[in-house]
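Same chain, two partners: subunit A is paired with subunit B first, then with subunit C.
Moving on to the complex of A and B:
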């Protein structure tokens, strides 16, 4: 993990301009995604996972804005590049798969058109060659009868099949990073497993990096090489998946693990974390963040310092950082 | 079996349309019976008076001495054989008269519709890109004016403007007195078409621009638009391809529903601009108590509206694949 990673997010801050001033939805977030590796992003609903993804794509919804920090793609800060440069990156070097397969495809164009479109845009292929690529992609995501399905419309596909189409679309230009924002949340369990298996297979073939946003810690354990944990707009822990799943440094991360039933990880069970618990209390509201550590009000270990001073990101192991005053002592113990 | 199943709904539609046209015919007939005024008196008036005897003879000749239901029966029977009767005024078959006038009206209505959909959609979509921008506000104000100004008033204003202040468009009729030949013939008609089209289209431009604005703002917030952007498509493609195709759906629906209204508007516009179509004929026939002609026009407009609805249905299916039958 030396040299420049494919993607590096440095101290990224995103604010929403509201009537009562700016509200911070992301605060000082840093991440590194290495070439060809999978980064799992976890955290409770509303903690800013999707905002991070959209900020990287520079597709934040109206009213949201990157107010500080950098997003470096192979060293190039894309928060400052012109929109034309961004368009050349989107769908070509970095593509994105969204959570809602039912609404993320345009209902009035055939899936073939929608896949071929990206290829035409970025690689200047003519209609025939682009269609050929679309067929290849449909085959790659294992949609039966690819040639015939090319001319079908999204409403003629099931949710799982639509998500395969989305993946085909995302992969069509052989991007170096795919951001998958909860790609399986809207799907039933057996289909979820198929989609994850497909993603892993395709990653092995193409060597693309994946940023996998998910609530499924089981999937993280299986697929992710690295993990970043978000809480209330902050990235509070990050590091190699093994290290985080086995020795979570941040009390929130440990809490999150223990919330997951049957985590497919023997180590977690060994620590007695398989007993289903929940983290008491609620995520603080945006714009009404507590002073100090944002997790302090819910944290069993919090003391006065936690409640008054925001903890810095500290190194707790090789490439493993956590923003917690107690982190070091936790790991030592 | 396969073809039968395909045919049946179409056949049902035709039957429905036929029943509807018949209902329209009966209703119109009865409505006109209730209207005040007597065609014979008008004819007599134009002749400069006549004896009681002649009046009675005219009544008999036109069948006006028969009971109403009997008259209706005769009329329906004739309509079914394509005979719409004789015009009281022109003394020519109504069908011939109407067929002469239909092209002018269809031309006017279609051009107005074309202009309205094109300009309205473009203005609406343009203002939806930046709903709070200055351009958007200008579109809103203009469409509000267009929406609230009466058709005949706009017509009068254009007439005044182009008749005296800035005479670059003809203000009456469909052709110049000395008809040019060849290509110039069509150019001449187009030249005459400009003002009536603008007048008739104005309210629909206003209407469709508001509709397109709302519909495009909604569409632009959809997930698939984000997907299109995430693909790296330029903003023009996102808006004019991905969003517009979806944003058009409510407009096409509206066009179908409003065709009858458009036709009613054409009556006014044709009258103001002396346009030789069905609308002006309708207006004149009312004044002349030329009931067979009026009935024929009403029948024709019902049929035209129905054809328009059918075409909208087809357009709707073309735009929105979800409306097509599931492929097998």
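Moving on to the complex of A and C:
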């Protein structure tokens, strides 16, 4: 993992300008996404996962602004490039799948037209070739009767099918990074399983990198090579998925692990005495962040230093870092 | 059984869905003949995918939708037949907690007034007594007694769900129908609410009908579980039995699709996954409703409807081949 990664986010800070001054929604966030790999981004609602994605795409909502840091795409800092360059990057190199597919598909155009338009714009194909490509893509995401469905409108598709269409559109220009923001949260588990299986298969064929935003550690285990854990606008742990899921170094990450209910099948289903641990309290409010470690008010290990001084990011294992005063170094078994 | 609190018999709830293309009316078979009973002090779980009819069962129990057929008893009271004053007389005995803690609270009502609401509506106790109950309920769900002076928007999502639970508890009900009470919450808050529900049950002897699409959550809370598909129960059993020896192919596919933080990468790809999506509830197929997606389906499945059959210890399965099929999940094979 040496050399330039496909995407590197360095010390990214995003602020929201309000009447009472600027409020930080992302604070000094760093992460690397390697070519062809899947990076899972996890954390509780409001911790800044979507903001990170939108900052990378330079699609932040009005009032929000990158105030420090860099977003490097193969070494090029895209926080500074002109909008025209950004538009070229957005369909061609990086594409995004939004949480609610209905809001990102245009209801007045057929699904086929929307995919074809994207490839015409970004890849300079003519109308015939673009339609051919749209059919190919709908087939690739396993939409039955692709030729006929080309002329259907988004509302004629079920939620699962619409999410497939979104994936087809995201893939149509063969991007090198797909940012998927909670792509299956609104779907049934059986449909989620189909979508995840499809994403893995397509990644193996195309070698695209994926940034998967989710609140589900199970989804991370299923898909991710690497993981970044966010808490209250900070990236508090990152590293290889196996290391993080098995030897979480940050108390917040281990807290998340222990409060996730596990399905217990077979003999385990008969011993009824499971107890779910809790993380007490709740996330701090924006603009009212504690002075030291942001997790300190809820952390079972917190001491005076934690409450007064922000912990630095420390290396706890190979490519594994955690921002915690008490983070233990991985012990190699 | 003497400790039976709730009994649902042959419940059907059909909705009119407008004119059919070929003339006549279209009917949504949202709930199409379900039976179950909830014992006092226990939790009855209902799992299934979106649109299977879970919320409609909850609303039928709460008398929020018209019941097409069947009956519902709360102890000796046939609540499905009660109207007006006689319904109000038992209305304090069963309450509901909804999925969305944001829209189920009136934004202009302070927390204490929200919790008092059912008492006010049912005319239980006097002014002072109701305020006292409201404060006790705030404490019972782990909020400050003083929090009663705040408006819903001054609470976080998890705290709002606590408020909804406090409101449901105020009339000292015996039964609480929880419709996806944690689905809108983060895992950390979800764990707090699930533990709170278990603790309140232990302290107050409450019974729950607990609806969720998450098998792991249902397993954590419930004593008995029914798996629902397209308006019908396809399998039901005591929880320990269901999770150790499920027999219905649909239950298996829910189990196969479940994710775990401990699983190896790419686990789903190695599992038998269900294709397609549930058919429309306006025109349920004649045979087994799962046949179109079932990997084991035969001609018989498509033609003849399987009835729920007993397999001992309260385990009932609606599949022609129940007990003859090999579970595609290794853990279940080992148990058998």
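The definition used in the following text is that the second predicted complex is superposed on the first by the 315 of 333 C-alpha atoms of A that agree within 3 Å, B and C clash if a C-alpha of one lies under 4 Å from a C-alpha of the other, contacts with A are read in each partner's own complex, and residues count from 1 in each chain.
The criterion applied here is as follows: contacts are C-beta pairs under 8 Å (C-beta built on N, C-alpha and C of every residue); 3 or more make two chains touch, one makes a residue touch a chain.
As the structure is a prediction and not an experimental result, all values here were calculated from the model.
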item: Joint occupancy of subunit A by subunit B and subunit C, clash or fit; value: fit
item: Partner chain(s) touched by A:192 [first = subunit B, second = subunit C, both, neither]; value: second
item: First (subunit B), second (subunit C), both or neither touched by A:90; value: first
item: Touched partner set for A:75, first subunit B, second subunit C, both or neither; value: neither
item: Which superposed partner A:18 touches (first subunit B, second subunit C, both, neither); value: neither
item: Computed vertex angle (subunit A) for partners subunit B and subunit C, CA, steps of 10°; value: 80
item: Touched partner set for A:312, first subunit B, second subunit C, both or neither; value: neither
item: First, second, both or neither for A:121, with subunit B first and subunit C second; value: first
item: Which superposed partner A:45 touches (first subunit B, second subunit C, both, neither); value: second
item: Subunit A residues touched - subunit C or subunit B, whichever exceeds; value: C
item: First (subunit B), second (subunit C), both or neither touched by A:160; value: second
item: Overlay on chain A, subunit C to subunit B nearest C-alpha distance, Å; value: 8
item: List of subunit C residues in touch with subunit A within their complex; value: 49-50, 156-159, 186-192, 194-195, 213-217, 219-220, 239-240, 242-244, 253-269, 271, 273-275, 277, 329, 331-332, 334-335
item: In the complex with subunit A, residue positions of subunit B that touch it; value: 222-224, 226-234, 237, 242, 245-246, 319-322, 326-327
item: Subunit B partner contacts - residues on subunit A that touch it in the complex; value: 57, 59, 87-92, 95-96, 98, 100, 103-110, 117-118, 121-122, 152-153, 155-156, 166, 169
item: Touching residues (chain side subunit A, partner subunit C) in the complex; value: 44-45, 158-161, 188-194, 196-197, 200-201, 215-225, 241, 245, 255-257, 259-267, 269-270, 272, 274, 276-280, 282-283
